[in-house]
Every structure is written in structure tokens, then in C-alpha cells.
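Next, two complexes with subunit A in common: one pairs it with subunit B, the other with subunit C.
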Partner chain A sequence: MGIIMRIWKSIILYLRYASICVRSAMQYKLSFLLMIIGRFIIAFNEFIAIKFLFSGFEEIKGYSYGDVLLCFSIVQMSFTLSELFGNGFKVFSGMIKRGDFDRILLRPCSPILQIIGNHFEIGRTGPMITAVITLVIGIRTCSVSWNAAAFFTLALMIAGGALLFIGLFMLGAGLCFFSIEDTSIINVLTYGAKSHGKYPIDVYGRGILRFCTYIIPYTLFQYYPLQYLLGRTTQWRLAFYPLGIVVFLALCYAVWRIGVHNYKSCGA
Partner chain B sequence: MRKYYLFFKLRFAAGIQYRMAAVTALTTQMVWGLMECLAYKAIAESSGNMPMDYSAVVSYIWLKEALLALFNTWAADNDIFGMILNGDISYELCRPLSVYSMWFSRTAGGRISEALLRCIPVLACAFLMPYPYKMGLPVSAGAFLLFLLTAVLGLGVTIAFCMLVYILCFFTISPQGWRMALTGAVDFLSGNIIPLPFFPDKYLRIAQLLPFAYMQNIPFRIYCGDLAAAAIPSAIAGQVFWFAALTLAGLLLWKKAEKRVVVQGG
Partner chain C sequence: MITMENVCKSYKVAKRDAGFRAACKALVHREYEAVHALNNVSFTVRDGEMVGYIGPNGAGKSSTIKILSGILTPDSGTCVIDGRVPWKNRTEHVRQIGVVFGQRSQLWWDIPVIDSFELIKEIYSISTPQYNNKLEELTQLLQLQEILKTPTRQLSLGQRMRCEVAASLLHEPRLLFLDEPTIGLDAVSKLAVRDFIKKLNEEHKTTVILTTHDMQDIEAIANRVILIGRGQILLDGTLDELRRAAVSDGNGNTDEPLDLDHVMACLYRNLNIL
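And then the complex of A and B:
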């Protein structure tokens, strides 16, 4: 009973944080609107690029235009969700530098909750508009027979992707504890996957496919469940591969925990 | 001796900071370039006829990564935006110099120095890539000279456009959002996301009417031999025209903006 109460309280607190962030963003309505539009256009460019490229050919390694759009929108959606909820980890190095993390540790409340709650940035949802548009076009033009199982797989892929990216952001934040050097190299793994994950990963060849399975498990939410979704295989267990990302998330969390335990404030 | 050692250590530690930033930038650009090369490889294998040769696409991608600092429109000089927002602009106005020329030259200097620093490691790696992903040499010595000429002109067009973006900041309170929208669109139309030859004909004709096709598109395609020799003179003429037109527009807009500046004291 106690644990349920604690989770419930955390959720209430998170929602309160989020609503404060939303209200503060709404103080600058025009700025907020332009941010959304700006981010929407940048993501929309990527969609137009795929559309233009596919005007010259029918398919890429056996994936049709609709298949690629579906993949693109899944990755965009996961990334946007992870940025919305995990944005705090992205700006974490600044919090350490300014000494804000010391204040957070003093409060009788989970540090992660405070970090992610404080940086719930609704302005980052612009790419979601593009992702929804491409998802609709993708669903209508790709070679999937849409039934409950397909939608379930799709939802699991998006959720798994979001968790994977949150894990990477958390890993990047955790590295700040171990190194005073620039840790933005982690961006290659996050932004890189966002921009290049628009194609199913096997398009890039075997080497990249291995890297994206054994080093950073992108294929668990993208390539493998996609094979099932597109009906290229009848192995239904592939649809449950995104669940494996929980293990990856746990590893990232472990790095984070070790970092927090070894954290020494330099006085602020 | 110990204090000299400490000085050495201090400077070395500071240097390592920058080295890490350089390693990060290089890694990012190599990963980006390689992933794009692999994607176009898959496209080339899946479709019989690409609008550009695969080797030309590879050179185009590596040039784009190496000279990113020269031609991108999104990384404008943040100091200038800062000056406009925090009011330091008044000091700039006090100087007996043309603000337009001053900002133009500082933007050019910043871009060229950054590009020189960044392009050497990226190009070195790009030339050392294994065969199909290896950057090619320019198709001829003449093409290389024309590449240099059009790169300078393209840089001029790019900066003249960035100047417009700076000056437009005088007319709005929150420049971030629309700057993002504008530069996002330019990014696409200048061939930074996909090379212009991959555009469908109808859209290619529209894109070629805009100044953005005269930035990186021309020098890169001359380098890799994709732009036909007959089309080069008109391309250079287009660059000169847009450079003049954007500079003129910038100067006129600056006249207007200058009148609007109200220094609140302080």
C-alpha cells in the first residue's frame, strides 16, 4: 500500500511540475507558437526530403515509400516524447555547473523527478505534428494489414523508442558525474539516431545493424518489430522486442545511480 | 619548477577541453557523412538511375560535412543576436563605421576560421575512407579553381542572407522561433538535406529561382563534376546577382532598422 501511495504522490507532483512549466511557457504565447512551428518545419523538411527522394525510385532495399514513412514517424514520435519527458537530462550538465544539483539533493524528494519535472518543455512537441501527419500517410500507404495486433506493435515500438532515448539522455547526464570534459558526444547517439533512423536500420548494412543491436539496442524498437509489422516475418515474438529496452534503461539508470552516489559538490 | 609544471598542467587541461570538443565535432560529422553515404548506397543499389553519380554524391556529402561552418544558415553569430537583445547594439552604433560592413566582415571571419579548423580533419578522414565511401578529387584542375571561386561567391550569398536575418531581429521581440522556421526552410532549399538534383523537376525549377540554390549547391556540384560545363557561367551569374540583390536588400532594411533603434539609456 505504501509503495502505491508513493508512486501516486510522485505522479501528482510531476503533474504539478509539468503544469507550472506549461503555464510559464504560455506567458510568452507568440514565442511558444513560433517555437512549435519552427520545430515542426524542421521535422517536416525531413518528410519532404523522403518524398522527393522517393520520386526517383520505387523502393529502397525492399521498403516502399509508406514503409519508410511509417518508420520515420515512429522514430520522430519516440524522440519527441523522450525530449518532452527527458529534457531535464539534456540540460543536466548546466545544472551541475551552476550548482543547481546541490539544491535538488537537499530536498526530500526524488532527484530524477525534480530534474525531469522542472524541464517539461511543451514547446518541443512541434515535430509531433509532422510525426502524426507522416504516420497517417504511412498507415494508409504501407503494406500492413491494420488489425489490433498491428496497432499494439506500433504503440509498443513508439513507447520502447521513447524509453531508449530517455535512457540515452540519462546516460549522457550520468556521464557528467564522471568527466568534466564535454560530454556532448552522446548527441551522436541521440540526434544521429533521430535523423538516420528514418530508414529501417538494415538499409545501412550489416555492420551498422550489429552496432545498433549489441551496442545501443535501437533495433529492438525499430528494425525487428518493424519486420513483424510489415509482415516480412510471421514470428509474432518480434513484436515484443521493444520490451527488451527496459534492460537497457536499467543499465543507464545504474550508471546514473553510481554517478549520484559518487557526486561531490564543489560548493555553490 | 613546481609552479611551471602547474602552469603546464593548467594550460594542458584547458587544451584538452577544446580537444574533446574537436573530437566530438569530428565524430559527429564522420558519423553523419558515413550514414548518408550508406543510405545513398542503398538507394543507388535499389534504383537503376540516380540523378547524380554515386561517387559525386559521396564527394558532395563529404564537402557538406567539411564546410558545414561556411554554408550553414542556422549557426548565425550569436554575439550579434545577443547585442540586439541586450542593448549592446548602442555601442556598435557609436562607432564611426558602417554597422552592415562591420557585421558582414566579422561573420565572414568567424565562418572562414571555423571552417578552416574543422575541414582539415574531416577531409583527411574522408580521403582515407574505404573505396565506395572515399571522397574523390576534383574532376579537373579547372573545376577546382571554379570550385574555389564559386565557394567564395556562395559564402557571400550565405552571409548576405544571414545579415537579413540579423536585421529582421530589430522588428520582432522573440526572434528564436521564426529564425528556426526560416533557417529550417533555407536548409532544405539550399541542398543541405538532400542535394538539389534529387528534387523532382517541378520543385527543382522553383528552387532554382530562389537565392538559396546559389549557396553551397553550385561549388559542391562543380567540384564533383555534376554541374555541366555549359551551366557554370549562368550559375556564376546567378551567384553574383543574388549576392548583389541580398546585400542591397540588407542595406535598405538596415536603414529602416537603424531609425527604429531607441536607446533607453543605461
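And then the complex of A and C:
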């Protein structure tokens, strides 16, 4: 009972934080609108790029236009969700430099809750619109026969992807504790993966596929469950591969914890 | 009750010469230098005391405050505040303390002050009647009626500081840390903040630890002064005792009473802690 109450309180507190972020963003009306529209256009461009590419080809490595669109929208949706909720980790190095993390430690609640709550970014609804549109087109044009199992797999893929990207953002934030220098190398793993992940990872060859399985497990939410979803294999267990991302998230969290501990013993 | 015993803290600071070549060299091989921020610091503060904690820049004031508020873990030594070790049980500890940083804001920049207060109410899980009472009291004492609905970014520094002080007292902490609370304020705001803190101490017996470079703050608020220099406690007593120490050690032959800033400058020089 105690734990449920605590989780409930945390959620309420998170929503309070998020509502303040939204209200703050709306203080600047024009920039609020431009932010949403601008981000929508940027994300929509990528959709157009895929459409153009497929006007020259019928398929890529056996994936049809609809299949790639589905894959693109899953990655887009995951990434956008992770940015919506995990934006705090993305701007974390700035918080450390300004000394804002001290204030976070002075509050009697979880630092992670404060960080992600304080930087909930409503502007991400722009890419979200693109993601929803492409997802609908993808669902209608791909070769999947949609039943409950397929939708379940789809939901698991999106959730797993969002957790993976949040883990990467958290990892990047955790590294800020050890070095005040630039940790933008981590962007290769997030933005890079987002833009290349619109194609099923096996189109890049075996080496990349291995890296994306054993080093950063992108394939767990993208390539493997996609094989099951598109009916290229009958192995239903592939649909549950996204669950493995929890392990990766735990590792990222461990780095974060070590970082917080290090901060408390070294100062800023 | 605060007890600090033999607390030591040192930092590793990367060190390199000026210039581009040195910068490149530092990429490969880096030399570190240990800086002893705190060196066997011990003191006790009783409940309801108002202590001025002073010393030149870089003397170890902030490190002490950070250790007392649970942000920093010391290398060695013990520190107990009302039976709690600050860095061991952070959440429980920070519930009982308030911290005001004069140089940094804890209010949310773009929303009205009252919205910030409401969020703080949630963060500390303050009950609604308790919150309403406290808010009313603080609003009256700090004259916040006019400014509660203004976004923080539109407040003057003096107005903002009054709100900062209120924000750190909503949860009724037993212990209040003030880190340069009057920096940059005009005379009226300075007086308002000082008067308020004195009243707070009289009415609620809140323990106050104040760091500042403004000696008039110390004179107005603190009934005890702790002087720290190069990580060590050098003097601990009343302001008069400090004055006497300054005069007897150095330029003792002057008959004119020194003003406070001169007393401090004299002390810093005599103790060789600049």
C-alpha cells in the first residue's frame, strides 16, 4: 500500500511539474506555436524523403514502402516520446554547470523526477503529430494483417524504443557528473539512431546489426520484433524482445547513480 | 542542535599552465592538485541561535553549508543535526531545512510566484491548512500581497529575494541557511530582509546560519560569529570579541573605533588568510 501511495504521489507531482512547463512555454505565445509547427515540419521532411526514395525503388532488401514507413513511424514515435519525457536528461549538462543540481538535492523528492518533470517539453507534440500520421499510413499500407497480437507487438516496440532512448539520455546525463566537457558523443547514439533507424537495421549489414544488438540494443525494439510483425518469421518470442531493454535501462540507471554519488563526494 | 566534529574535505583540481600548448598537453596528461577546502572543522550550534559564518572568498564557507545541507559528503569527520547525518538520509534531512542562495533562484522563472509556492507545497507535501496559515503569515511579514501574482522574471531583485525567503520557509524548517541573502539589494530591501529574519527567530526559534560579506548583516542579525579561513575555524565568538581581536593583533595603536569592514580587513590580514 505504501509503495502504491508513493508512486501515485510521484505521478501527481510529475504532472504538477509538467503543467508548469507547459504554462511557462505558453507565456511566449508566438514561440510556442512556431516551436510546435517547426518541429512538425522538420519531422515531416523525413517522411517525404522516404516517399521520394521509394518512387525510384519498389523495395529495399525485401521491405516494401509500407514496411519502411511502419518502421520509421515506430522509431519516430519512440524517440519523440523519449524526448517528451526525458528532455531533462538532454539539458542536464547545463544544469550541472549552472549549479542547479544543488537545488534539486535540496528537495525531499527523487532527483530524476525533478529533472524530467522540470523539463517536460510540450514542443515535442510537433514530431508526435508526424509520428501519428506516418504510423496510420504505415499501418494501412504495410503487409501486416492487423490483429490483437500485432497491435500488442507494435505497442511493445514503441514502449521499448522510448525506454531505450530515455536510457541513452540518462547515460549521457550520468556522464556529465564525471566530465564537465562535452558529452555530445552520446548524440551519435540517439539522433544518429533516430535518423538511421527509420530503415530496418539489417539493411546496413551484419556488422552494424551486431553492434546494434550487443552494444546498444536497438534491434531489440526494432529489427527483431519487426520480423515477427511483418510475418517474416513465425517465432512469436521475437515479439517480446523489447522487454530486454529493461536490462539496458538498469545499466544506464547504475551509471547515473554512480554519477550522483560521485557528485556528492566531489562537488561541482 | 548542530554538531560538526573534525570535518575534512579536499577537492582534486585539474591544473595547467596558460596557453594553447598547455591546453593540448592537458588533454593527454593532467596534473591534479589537492585543495583542502575544510581542515578539521568543528563547532556546535544550539537550537535557536543566529550564527554569522564569515571568511574571505574561497575560505570554505560554501563547502560547510553544502555538507550541513546534505549536498556534499565530507572525507572524514562527523556531522549530526538533530540526530540526523545530513548526507546519509538526504530526503528526511532536507525536509527540515531551508536554504536561500542569494545568487541563485529557486522560483520558476516564467510563472507567477504563487504558482511556484503551490508546487513547493506539493514537493514538501505540506497540508493545505498549514500551507494557508504559513502563506498568510509570510505574505504579511514580507509584504508579498502585490507581487504574488507576478511572474518571477518581472520582479525586482529586492522583491524576488523576499519571495525566495518565503519559498524556503513554507515547509516551516527548524534550520535556515542564508547564503549571501542581501547581495545586490537596495537599502530598503536589505532592512526588510534583516528585520524579517530577526522576527522569524524570535517567534519560531528557527536556527539561522548566515554567510555574507556584508558586515552590517552580521551586526544586525548574528549574535555569534564564526570566522573561517583556509579551511580552518579561526575565531568563534561575539562581534565585540572579533573587534577586540582585530585591534589587539595588528593596528592596535589606533584610537578611532574602526568600522566593521575595516575590522574584517584587518582580521583577514592579521590572520594571513587572504
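In this section, the second predicted complex is superposed on the first by the 263 of 268 C-alpha atoms of A that agree within 3 Å, B and C clash if a C-alpha of one lies under 4 Å from a C-alpha of the other, contacts with A are read in each partner's own complex, and residues count from 1 in each chain.
Simple rule for what comes next: a contact is a pair of C-beta atoms (placed from the backbone, for glycine too) under 8 Å apart; a residue touches a chain by one contact, two chains touch by 3 or more.
Quantities reported herein were computed from a predicted structural model and do not represent experimental measurements.
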* Quick one: classify A:Ile258 as touching subunit B (first), subunit C (second), both or neither. => neither
Q) Which holds for A:Val136: it touches subunit B only (first), subunit C only (second), both, or neither? A) neither
Taking the superposition as given, does A:Cys109 touch the first partner, subunit B, the second, subunit C, both, or neither?
-> second
For A:Val246 in the superposed arrangement: first (subunit B), second (subunit C), both or neither?
neither
Check: Should A:Tyr17 be classified as contacting the first partner (subunit B), the second (subunit C), both, or neither?
Finding: second
The answer to whether subunit B or subunit C touches more of subunit A is B
- Based on the superposed arrangement, let me know which partner A:Ile7 touches: subunit B (first), subunit C (second), both, or neither? neither
Message = According to the stated criteria, A:Ala155 is in contact with first (subunit B), second (subunit C), both, or neither; which is it?
response = neither
The shared contact residues of subunit A with subunit B and subunit C are none
Subunit C residues touching subunit A in their complex are 11-12, 63, 66, 69-73, 87, 90-92, 94-95, 97, 99, 101, 104, 106, 108-111, 115, 118-119, 122-125, 151
Subunit B partner, complex, touching residues on subunit A are 28, 30-31, 33-39, 41-42, 45-46, 48-49, 52-53, 55-62, 181-182, 184-185, 187-188, 192, 195-196, 199, 203-205, 208
Subunit A partner, complex, touching residues on subunit B are 16-17, 20-21, 23-24, 27-28, 31-32, 35-36, 38-39, 41-43, 45-47, 49-51, 173-174, 176-181, 184-185, 187-188, 193-194, 198-200, 203
Interface with subunit C, subunit A side, in the complex: residues 9, 12-13, 16-17, 20, 23-24, 27, 98-100, 102-103, 105-109, 264-267
